[in-house]
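Read the structure below first, then the notes.
Residue numbering begins at 1 within each chain, and the chains themselves are lettered A, B, C, D, E and F in the order written.
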């Protein structure tokens, strides 16, 4: 049951935090690398996101800092900017978190991330039904 | 007076958040690039850290995500891990924030950052007097 | 007046160096993160580009080296390749500056930047009117 | 004759390993930076790929690790994923090599590379005639 | 038992491939982030290294490409250069794998990695007893 | 004779630009990867630095932008900051070139590079005899 529990716990965390966008990432890997999708659920979300030392909002803030800095992560920023909104951060707070990266990675990465944020903010919300 | 206000506001924010470690960074630049130190105070801390859309704790979480991800930032991680403690995050929360980066940047960056955290946690607190 | 002077000086430097492309970047941020656009003008261009220890041509050469190396910076390379031409570097010199990065970052970053350069070189010049 | 030999040896290695995709990269640089294309042939392929201490399959595995990690390298990954197939690695092995990067660079870089692999795997093979 | 099996399988793979150096990394995390060490064993080695689509030699070649490229990974390169030797690659092949990165990331990363390789090659082998 | 010419031309360029520091890099590779040192001379310096579309000063400015941005390049920055001085840039201009990177890569990379510059500026000049 343990393995199932990791997958189940991860699936729940993925749904709670990243919502439909997170599941879409996992689904997109089914045809070519299904284990990669499973590891995202079991390891990233089952092992890590379920821990309680920091909140989901705090996790998304760290994640935004990481993704903005790394670059070439527009698809992941799209998921996690939506994720940040899903866990209760406001659009203003998401923008501010991205701006906080200016002193550490400079303007180009931040400008690119802000344009991703606009796209997330302005698209119609994805619905499950 | 405006320029002075940016410097003053930044100096206060730098002292409140990064404490002696932040001031040490600025001081270390006086002999060779004093304007660089001034920009850190005026721009990073005066213009950005003083904004209120997110809290100092939230800023430090974003910053940890950024610095862990960027790599070759041990001196800056040292300052901002201490800064995270200064604004009220616990050692456990700092460790957890660093661990949150594993899915996004892998183990090497995270292992290196954890060893920086240990050094910060175990050194005697710097005192002004 | 000081703050205004930084903005004014930065606006002038931005116009002189990056031209319409630089202003377009600032304008593109007005709806979502106007302060980010303001910081580009005041800090990057007002505080830094106005300094005289190196010339605008020298600044653009450093900037090309930085942007080519960083990766995921095609929009910024577009602006600064045009900026390099605006301050008097020739197309041949811009290409050569990009080629100079091969020993330091390898072929992929350089090939990608060369393709951006082609796009800049072949598009009709943007006009203000 | 030596210089010719480097170019000839490199052209042969480029054709053997990266096939039409590699030649297309070189050709794409002819109008703007022909020496860049020549260096790829002479230096990367003539000087390096012709060495025998490791096999072409081993070279492509190292190269996949490098390109996945670097990010913003989709065009180069496209060429070298095809190259890996050209030298006899299976689609399953290419996917596995990309997955091997998860512990070292995290999920975003790997997910992006997997989507490039799918594109390479599903497109009709390029033919010379 | 499943969870135990992942840990056990990972411990075996870690011992087989990275040897004492890999275990030393895990041990070094016990006091501050023991779960991080556990994830390296269970996820990196238990879930990934145990897969059979590519060999251990092939995994280490991909890993070398990744670590050389990422930079700021001297401790990890130290472990995996030794790991590459442990799984049967020769010193000459390890050097060649590092040199293969020159066209993709340039000379600085490769030079730094070569100096790490020298340190690994010349130190007395670590023994368990 | 052609191959010899590339090596000779590269050796001269290396000596003219990076001086003893450049030769020391090449020498440091003789025991473990002599071809890597040869490629630096033949390819980087023989093929590229000898071109005349931009000056040696301009090449060093691009190189500084690249190395500051890449990170984990302190040894290379040491050589090229000295190289920049060798080709006639002043200490003030080198500092300014490094500061020019702040808007593009943020403060950490720039602070680290400034400390490398101080070390270069304050060490006694290396002499051949």
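Operating definition for what follows: a contact is a pair of C-beta atoms (placed from the backbone, for glycine too) under 8 Å apart; a residue touches a chain by one contact, two chains touch by 3 or more.
According to UniProt, the chain labels map to these proteins: A, B, C, D, E, F = Carboxymuconolactone decarboxylase.
The structure presented is a predicted model; accordingly, all values stated were derived computationally and were not measured.
J.: Kindly list the shared contact partners of subunit D and subunit F, in label order.
T.: Both subunit D and subunit F are touched by A, B, C, E, going by the contact rule given at the top.
J.: Using each chain's Cα centroid, which is most distant from the centroid of subunit C?
T.: For subunit C, the chain whose C-alpha mean is farthest off is E.
J.: With chain centres defined as mean CA positions, report which chain is farthest from subunit D.
T.: B
J.: Give the pair among D-F, B-F or A-B whose set of contact pairs overlaps with that of A-C by over half, matching residues by number.
T.: The A-C interface is reproduced by B-F.
J.: Can we say the copies subunit D and subunit E touch using the same residue numbers, with more than half in common, or are the two sides different?
T.: same
J.: Using CA atom averages as chain centres, what separation in Å is found between subunit C and subunit E?
T.: Here the centre of subunit E sits 40 Å away from the centre of subunit C.
J.: Cα centroid separation between subunit E and subunit F, in whole Å?
T.: Here subunit E and subunit F have centroids separated by 31 Å.
J.: Report the inter-chain centroid distance for subunit B and subunit C in whole angstrom, where each centroid is the mean of the CA atoms.
T.: 29
J.: Indicate the residues of subunit C shared as contacts by at least two other chains.
T.: Counting only residues that touch two or more other chains, subunit C contributes 39-40, 43-44, 67, 70-72, 76, 95, 99, 101-105, 107-108.
J.: Within their complex, state which residues of subunit D touch subunit A.
T.: Within the complex, subunit D touches subunit A at residues 71-72, 95, 98-99, 102, 107-112, 114-115, 117-118, 121.
J.: For subunit D, which residues count as touching subunit B in their complex?
T.: Touching subunit B: residues 101-108 of subunit D.
J.: Would you tell me which residues of subunit E are touching subunit D in their complex?
T.: 40, 43-44, 48, 51, 53-54, 58-59, 61-70, 76, 92-93, 95-97, 99-105
J.: In the complex formed with subunit E, which residues of subunit F make contact?
T.: Going by the criterion above, the answer is residues 25, 28-29, 31-33, 35-36, 39-40, 44, 67, 70-73, 75-76.
J.: Touching residues of subunit D toward subunit F in the complex: what are they?
T.: Listed in rising order, the residues of subunit D that touch subunit F are 1-3, 39, 43, 47.
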